[in-house]
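Two complexes, one shared chain (chain A), two partners (chain B, chain C).
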Partner chain A sequence: MSENALPHEPARPRRALPQINPVYFVLAALIVAIIVQNPAFVEPTGYMNFLKRAAPLAILAAGQLYVIVSGGFDLSVGSLITLVVVGSSMLTNNDPNATWWVIAVMFGIGLGVGLINGLVVCYLKVPSLIATLGMMITLNGLALMWSGGAPRGYLPDSFRFFGRFNFTDLPVIRILPVAIIVLVVAGFVLYWFMHRTNFGRLLHAIGDNPRAARLAGVPVNRVRISAFVVSSLSAVVAGILLGGFAGVSTDVGLGYELQAITATVLGGAQLLGGRGSVPAAIAGALTLMAIFTLLNFLGLPQPVRQVVQGLILILAVAATVYRQRRAGR
Partner chain B sequence: MNETVPETVPPPVIEMQGIGKSFPGVRALHDVSFAAKAGEVHALVGENGAGKSTLIKILSGAYRPDAGTILLAGAPVSFQHPVEALRAGISVIHQEFSLLPERTVAQNLFLGREPVKRGLIDYTAMRAETRRVLDLFGAGGRIDPDMLVTELDVASQQMVEIAKAISLEARVVVMDEPTAALNEAECEVLFGIVGKLRDRGTAVIYITHRMREVTRLADRVTVLKDGEVATRFDTRPAPDVIVRAMVGRDIADFYAPRATREEIGDVVLSIRGGGNAALRGIDLDLRAGEILGFAGIQGAGRVALAMALIGHRPFTAGKVYLSGAEVAFAHPREAIRAGIGLVPGDRKAEGLTPMQSVRDNGMLTARAFAGLAATHKANHHTDLAGMDRLLDSLEVRAASYDQSIGSLSGGNQQKAIVARWLALKPKVMIFVEPTRGIDVNAKAGIYHLMRELAREGTAILMISSDLPEVIGAADRILVMRAGAIVSEFGPGPTEAQIMLAATGETEAAA
Partner chain C sequence: MKRLVALAAAAGLALTAGAFAQAPNFDDPEEFAKQREQLTATPMGPEGMPWEQYLIDTMADTSAHAKEGPYTVCFSNAGVNNPWRVVGYTNMTEEVALHEEIGEFIHVDAEGSDDKQIADIDDLLAGGNCDILIVSPNTTAALTPAVEKACAQLPVIVFDRGVNTDCPVTFIHPVGGYGFGIQGAEFIAENVEPGANVLMLRILPGVDVLETRYSAGRRILEEAGLNIVGAEFTDGDNAKTKSIVEDYLARGTIDAVWMDAGATAVAAVEAFEDGGYDIPVFVGEDQQDFLRKWQDLGMTAIAPTYPTYQWRTPIIAAVRILQGEEVPGPEWVLPQPAVTQENLEAMVNPAMPPLHYAMCGCEEMPNYPQAWGGQ
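Right after this comes the complex of A and B.
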């Protein structure tokens, strides 16, 4: 250890080109496969619909990435989505004018959930996996209690605008779903904070070595709590979009937490912290959706999706570990 | 190993002839020949990157050489795997031990070759043999075969590693910087063990950065430089001769000159009656422009003092004054904001964020005190270009400052951590083990850097287990024992005087 930086393996000469995250190649290949299966995908309605359906997961994955890079996990986001959808339908009570304040309340709930997750992890020292698992169960229970067991009512169209509405008759692209605008804006904001601010660099530092970060003066708890808040707020955004096109049910957010984690891992994020990229996490989410779409085309039943997702999660982590070992450290 | 050494000159136990090894873009070794005889300590020295580790990895079967041959007792061998080298009697004791922490000493010693009696593991025999081996070098009183490895301190763990080598009947024992994690008293014990290994007829290959150990232990010395054998001494040379061979220059200016009377200014930091679980009754005054050295054995409270000052494990008693005003820090952030900086002793666990770039590691503290939403490129302490200039001025060697810091050598990592603080210009800098595990040239660089900081008015507190370093670099030395400051020395005490104060025992001075 004391010696030099010699590579451990006599590896082949280093490539001159900068390393490109493999997730982009995988995504490109999958899109080609989808087009082969269904040529209509190249039409704006084809890919726009794909992006629209992928938008909630992509936003969720980008938010989850904050917690992953900080060295934790946020399992509570799926139930938070459910709570947002169920809670919004209860609160709006079919009143279109209620949309705006209900959305504000939902962001308030998201802020609260993120703060509690972060405070529990930082001050009660509960590992994030357990803290957010507890939050996941609690929020699910709250959603069921709130809806009285069976959700009723509908979300008004003014609320469903974000998830469902398409601008049509546009030049070139013809249609533009609002969900995609939300994805682009949220994705850019999340990208900016992760890769262009102190917050992002400090987040990487505390995920990499929290003790060293603390001794260097980093406000570790503040940064960590902020990561949980970002993740929760991204879940609220995802919930609002899903409420728009998935309708009201108590299992609307089911499984989204693991899909989001899978997406970040597909994007090359380091589980246990220290490394991750927002664009790659979004590409990871699109990759996951593309795989699901392909499975659909192939007529495989829903349970197969779960098997595939599980295998992808394991393979993606294994691939990341393998690449890092090859790189020397 | 009860074989008697014949009268005729036997071939060396291990001989490496014309070894060459290249990695992409790097020629690590070129035509290196190296031999060790039974019953000798052969020191292998050289700067970081000189090729010591590569040579040892070839010897132990971890790498295969591109050229050259290895002869074991005169017969050519070619190891495909470290296990083969181990079976042939070559044991390497690495800086990071390969023991299983939750197993007992005896279980570790017999890992993978447990004695079996009637189909069951014969624990009685294991214990007895473990005790016998430990007693061989006088560690029996210190280590019990039934203790868990995790209960042992670093020195004892190392003894278990050595015991393992002995019980494997190792003919060649390679020690890679064995004293890096040991304090003075433990080093003494280790030196005794090395002597016993030699007396038993083992060939000991001893890798170190510390000249004192070479002059004390080595029968022969091989100096590697840039992947080639620079010099071989068949006797024990004087330290400055070895250093000159290693770095190709004199060591007259190894340590920077001490502060003159005029350079030492007012008291910046005072502690009165400071105490916590690990410290008691700490009184000290630290002046601008001076380097105050702290000596003491492991656990004497020196690191606890650093951690209390920086607010990581705060004082619970007493008062601290910074520039005359009373302060109390409950978190490193508060201490740093007030003007205290820390270069921690355990670089890997406390200093580095290893996956991040060299530049990000340098920027860490400056960013920690700028707004979270502000750009990462600049803050009121420095910007990216300023950090690059700092890293340049410290001569940090990296392919690019975007490279992850984990892949740099220890000396370059240390410089990047120092750069973190240079950007902030603290009033008080605490250096803990500032040169641990870094090579001779980088060491000199760090000493001169500390002195330069002091000249600019920073008050420096230097904690080190390397006595010559404390004596050479500090203007004043405080010795700690059992959580308290027990004595003070001006410039230039002897090692014996300090050890006497540090251990509180007259015998230990010998």
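Right after this comes the complex of A and C.
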């Protein structure tokens, strides 16, 4: 990161206009394209359904951003989602009253997974890519063992409320899925911690230059472990929403870890740490969902969509690097 | 990775009917016509026990294979890697328990790998303990030489997916993929107006039995003058299925939904429920979660089946062959009933897991329902 070694000149804005993250323009363009393809999208049910569907990924991406900013990766979130959905269906055992304690247990599991990820990375010095890859495989195996390979029960409606229920007959917006309320609350909390607290600043510091941060007295390990915990907890929330949206299946979380990382990168986060924004990561997640939706509307088959997704990832990283060079930081 | 897993799941879910495996033509009018006829044919064999019934009245002479018990029955299984095969394999082990003549039942699981299954069959033959070999092939072409080799040593029974040789004593399978597609599409054609909008949901392309289900379904819907608004791949993913249906609902009305497999049927129904739409005419499959939904909402629906009771038949055939009794052969075509409004009541069982396949023919077996995960 040679560009980070520039001397600390007084910041001189290169442009008169404030720099706006390009992800917002991309998102806006995609939404216009979707509306052209499908005018019904401007109806409340159109965009509310879109937001509802994007909510789990958006929350997951915002959580993932904590780990990315601190200079790591968290690949375990996808299988943690699966574990949450499968585990919840096993524990609730069709009892609607069990919902609350089961959700508490799931957050407990998330806390534990995040702690283990963080401890392994910080104290066993295992690179986060490997540590969380191991956790991903382990959790997948646990979910399979727990369920015996096939769903064994249903999730009661009280559990599915968060991901499935829509408030209807509202003025103006007519319909409001609970998942969107969850997204707004979780998004705001994650935004606040990242951009309005000392913890967020320390996170950026250790991602940018861990050695400097350590020398400056930052409790590097504690901050890093907290980042993994935040990511895991966001996966628990995403799991509760996904289980609510579509019910129990044993591969519900598949591929979500890479989508979450893609979303953060689309939002301009710097892989290997030091830079990233929660609103932009959420916008990145919405952008990714918008791309999927658009490709769906265009009737492109799955392999083409994968090619497009891969190219977008590469382009997004290239654009981020270019922007940083231009900005000189 | 996602695709691989989806492929594995669907390949298993789908299960090939191997009679037409030699030709990669998934829209064969002759096979279509044959299966359509078989769906309505009156089966021969004992009433109420479809796993012992047969639709083609030719018998294989097995007197040359007669021998004294107890028998060692060997089974090379393509895999137990999806709910359909889990239910089926449970049927099979419970059937084994009913036969005192069987001294030993040796099961080897190929875990969805052709190579492993070929090696498994070699090992079983080399061991020399088997009196008879049952094979559920992982894929048709790859397993053909291994089955031919086994035929030279001992009687062989093939079931579920086929092989490209007629050396086995019998090949046991239900009517097939075209039949599955026909049942659902005909039900839709009977229950909607001409010109109605039909959405077709498929798991993924390229799996032979899914392709035949689709081609048969599409043929019937088109012949009935219905408007197919789309044919979408769901990857067998609940969330994706629900999203696809929601998107179609945002753009227009849907009068019927046809599906090539039922695993995500409930998610598709929920898209209508949650959006406040009337539930249209639906084609699902015989999983308990769909049957319950159908009953709860009073839907107009049908559930074609690829019946798991076909896993009982190879054991029955094995014992008969070793006793020198004749069995239907070289093809033992089992009836392939659908769950309809008439028998829905009898098929729903809330005590069973959501993905239990109701058409298991297992309700009267001694360890039902615990052995199948029921309560």
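Everything below uses one rule, namely that the second predicted complex is superposed on the first by the 314 of 329 C-alpha atoms of A that agree within 3 Å, B and C clash if a C-alpha of one lies under 4 Å from a C-alpha of the other, contacts with A are read in each partner's own complex, and residues count from 1 in each chain.
By definition in this document, a residue touches a chain if its C-beta (ideal position, glycine included) is under 8 Å from a C-beta of that chain, and two chains touch if they have at least 3 such contacts.
Since we're looking at a predicted model, the values are computed, not measured.
Of the two partner chains, chain B is the only one that A:Val223 touches; chain C does not reach it.
When the shared chain is aligned, chain B comes close enough to touch A:Ala205, but chain C does not.
By the touch criterion defined above, A:Arg214 reaches chain B but does not reach chain C. Of the two partner chains placed by superposition, only chain C is touched by A:Leu242; chain B is not.
Contact with chain C, but none with chain B, is seen for A:Phe41 once the two complexes are overlaid on the shared chain.
When both complexes are overlaid on chain A, the residue A:Ala29 reaches neither chain B nor chain C. Chain A contributes residues 1-7, 10-14, 193, 196-202, 204-205, 208-209, 211-219, 222-223, 226, 270, 274-275, 328-329 to its touches with chain B in the complex. Against chain A, in their complex, chain B makes its touches with residues 22-26, 28, 48-49, 52-54, 63, 94-96, 176-177, 180, 209, 310, 312, 331-333, 336-337, 342, 344, 349-356, 360, 363-365, 367-376, 379, 404, 406-410, 420, 437. Touching chain C in their complex are the following residues of chain A: 38, 40-41, 43, 45-46, 49, 53, 148-154, 164, 166, 168, 242, 245-249, 251-252, 254-255, 293, 296-297, 299, 301-302, 306. Interface residues of chain C facing chain A in the complex, by the touch rule stated above, are 1-3, 5-6, 9, 81-83, 86, 204-205, 230, 233, 235, 237-239, 241-244, 246-247, 250-251, 266-267, 270, 274-276, 289, 353-355, 373.
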